[in-house]
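These notes open a run of structures that come right after.
Next come two complexes built around subunit A: one with subunit B, the other with subunit C.
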Partner chain A sequence: MSGDHHHHDDHDHDHHHHGSVTHSHLPSDPALRVKAMETLLTQKGLVDPAALDALIDAYKNRIGPQNGAKVVARAWSDPAFRTALMADATKAIDAMGFTGLQGEHMVAVENTDETHNVVVCTLCSCYPWSVLGIPPVWYKSEAYRSRVVIDPRGVLREFGVDIPETKQVKVWDSTAEIRYLVIPQRPQGAEGFSEEQLAALVTRDSMVGTGLAKQPGA
Partner chain B sequence: MNQPDALPDPEAPFAEPWHAQIFALTHRLAQSGHYTWPEWAARFARQRATSAASGADDGDATYYEDWLATFEQLLIDKKLADAQALAALKAAWTQAYIETPHGRPVLIKEPAN
Partner chain C sequence: MNSIHDMGGMHGFGPIPIEENEPVFHHDWEAQAMALRMVMGAWGKWNLDAGRHANERLSPQQYLTLSYYERWITSLADLTVEAGLLSVEEIDAGTPRGKHDLGRNPINAEGVLNLLRKGRPAARPVNEPPRFAIGDNVRAINFNPEGHTRLPRYARGHKGKIILHHGGHLFPDTHAHFQGECPQHLYTVEFAARDLWGPQANERDVVTIDLWESYLEPA
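And now, the complex of A and B:
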């Protein structure tokens, strides 16, 4: 497509008309509907606003891919933990203090020289919250959900991950009950790294399977 | 090798405050046993399929609108809320935002039950 240098200003200028009194900014329609729900459910004693705030705070500040990175780093450095994680990921991850919201069952799938694993939720957006937090926008998109099962190698290439034809690609479809965590391959050149140093190499995408662990020094 | 992640990292977990609020509301009510998480997920999946089939935009805004529509219907079906009360409270909040001078806390008058 060629660049269009004509200026059609239909969308370029938003004219904000301010009245003489500045009132509070009116939230969007969905935001007002959610406020109405929260008020009603609070009035009925079905939810406690403090508990809602605590949950939101946890997901904004404490629960995210940094948790999963610690799990992976421990699996890379501690063979007994790795064995326990592969045998019962729910229990092993719970023991690290990363507990799920709804008692969902966790399964760890390990990348090897023979197999690359990638995770999707084809129906909605089931995701290992306790270790990865809130899923990214692309994970929730219809484009990713429908295409990664049909053409995983093609989708992975779009993420910059080229899986050789000699390697098998396994796609894991998450459900409300079962959530998968990919254990990426430990990069070369990280021998002698502490768990903390190793965790810094583990990206969110590497634990979904749409990325690889970072190379040391990269 | 050494490709940057496809999306900027770190990302804000919630693009809008109401996304966080509805996420928390949905989880808290499931945790207190008003429905199971698989029940929620099955309803949400149906809503997502319907909106994809209708050609809705594939972005985060549609995702949370689908979440909101699913949750509203779930509240009504489970008799945890009724549509009339929700509409009255939404009107009360709208009025409060319009009437409250900028900088003051926005509060609603509790409607008489």
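And now, the complex of A and C:
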């Protein structure tokens, strides 16, 4: 498919494009496409390869759902922190050192016996990167983005989460720079657990709302 | 713009592609695409909203054919050409004509880590008092701009209720087109699922959407 028939006349930021101006000028194989851009940009002096390595290392090894799990575990075990988190999640999370890119404005939403929260970005794939890391494929998929707003209960069943008819489901569509962190319900049987033990029960999906926290010993 | 990216409420995309123990990246090129997009954004030649709009400007056929990171690298090439940082001829040739003339060095590893820590807050002061208060009933306007907007089609014309007020945030509809930050009050609006989708929805369920003041009118 060609999208290049306008490339010679239309480099403004107006609305007249019918698709990508560069699509047909790049290799179709994605690995080659990325390599072509990387080579060009590096040779042009526009990219420092060490900066790429630093970014990839950060998201592979440091910034991930283990950060969000620590926030949830503290909310479960420290009532003062929970109050602060619900009042101003950005500030409370910043105090734990997890504020950052795609987590500049945080809101925590708490699951209760009455309400189950689930987060989506129907327009792109906004996700709280600073506390959960890179979003999984399903979060970015057309299926999730299109369906969870119109059929949240059906989508949750595919994740193995069955919400009773009498409980409210609240879907948060992240259309702005507010990033939502779901605080799952604390499982029974985890009394006396340390924050570290509690954090091990907090899954990525439970903080998006497509899962529940793990049961101790499960 | 009313394109395929605005897919909330569509049918036909099938089951959710859930993968147990999913890796952070499935291929090295995905990580490279993510990183290239982010370090190139650091030149400040485009902003987050313009970057999102570049993805939306892929044709619907391209959008649905390309995977997430393929969209990123393709729209990165578009943004780079539009910003004058690369030419289509250089892309065709596979080699640049000399170095850039921006007069500074690209972001380095330390700069990247600093960006990850500090982020890019979107909150901005707004002089006007908020038009709406928490608890107010509002209606999302009906409009169909050809440019970037963050008011999804599925909410347009529907009644909801303000549940959060976030203060002033820069306005994507102008920001994406390099027409200024034009900050406005930002609210979270709760819509009854039945109002959006009809009687098939559970009567208790709600959908919340973050909406700027000019997207809303009193109801």
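List of remarks:
The definition used in the following text is that the second predicted complex is superposed on the first by the 166 of 218 C-alpha atoms of A that agree within 3 Å, B and C clash if a C-alpha of one lies under 4 Å from a C-alpha of the other, contacts with A are read in each partner's own complex, and residues count from 1 in each chain.
Convention: a residue touches a chain if its C-beta (ideal position, glycine included) is under 8 Å from a C-beta of that chain, and two chains touch if they have at least 3 such contacts.
Here the structure is a predicted model, which means the values were calculated and not measured.
Contact with subunit B, but none with subunit C, is seen for A:161 once the two complexes are overlaid on the shared chain.
Looking at the shared chain after the overlay, A:172 reaches subunit C, while subunit B stays out of its contact range.
By the touch criterion stated above, A:150 is placed in contact with subunit C alone, subunit B being left untouched. Touching more residues of subunit A than its counterpart among subunit B and subunit C is C.
In the superposed model, A:211 makes contact with subunit B only, not with subunit C.
Judged by the touch definition given at the top, the superposed model places A:80 against neither subunit B nor subunit C.
Within the superposed three-chain model, A:50 lies in touch with subunit C and out of touch with subunit B [touch as defined at top]. In the superposed model, A:104 lies in contact with both subunit B and subunit C. Residues 21-23, 25-26, 30-31, 33-41, 43-44, 46-48, 51-53, 55-56, 59-60, 64, 101-104, 123-125, 133-134, 136-138, 140-143, 158-159, 175-177 of subunit A touch subunit B in one complex and subunit C in the other. Within the complex formed with subunit B, the subunit A residues making contact are 21-28, 30-41, 43-44, 46-48, 51-53, 55-56, 59-60, 64, 101-104, 123-126, 133-134, 136-138, 140-143, 158-161, 175-177, 203-205, 210-212, 214-215, 218.
Per the touch definition, subunit B reaches subunit A in the complex via residues 1-7, 9-11, 13-14, 16-18, 20-25, 27-32, 34, 36-38, 40-42, 44-45, 48-49, 52, 58-60, 63-65, 68, 71-72, 75, 80-81, 85-87, 89-90, 92-94, 97-104, 106, 108, 110.
Residues 1, 5-11, 13-19, 22, 24-29, 31-36, 38-40, 43, 50, 52, 55, 57-59, 61-62, 64-65, 67-70, 73-78, 80-82, 85-86, 88, 90-92, 94-96, 98-100, 102, 105-109, 111-113, 115-123, 146-147, 150-152, 154, 164, 166, 169, 172, 177-178, 186, 188, 190, 193, 196-197, 201-202, 204-212 of subunit C touch subunit A in their complex. Across the interface of their complex, subunit C is touched by residues 1, 3, 7, 11-13, 15, 17-23, 25-26, 30-31, 33-41, 43-48, 50-56, 58-60, 63-64, 99-105, 107, 120, 122-125, 130, 133-134, 136-138, 140-147, 149-150, 152-153, 155, 158-159, 165-178 of subunit A.
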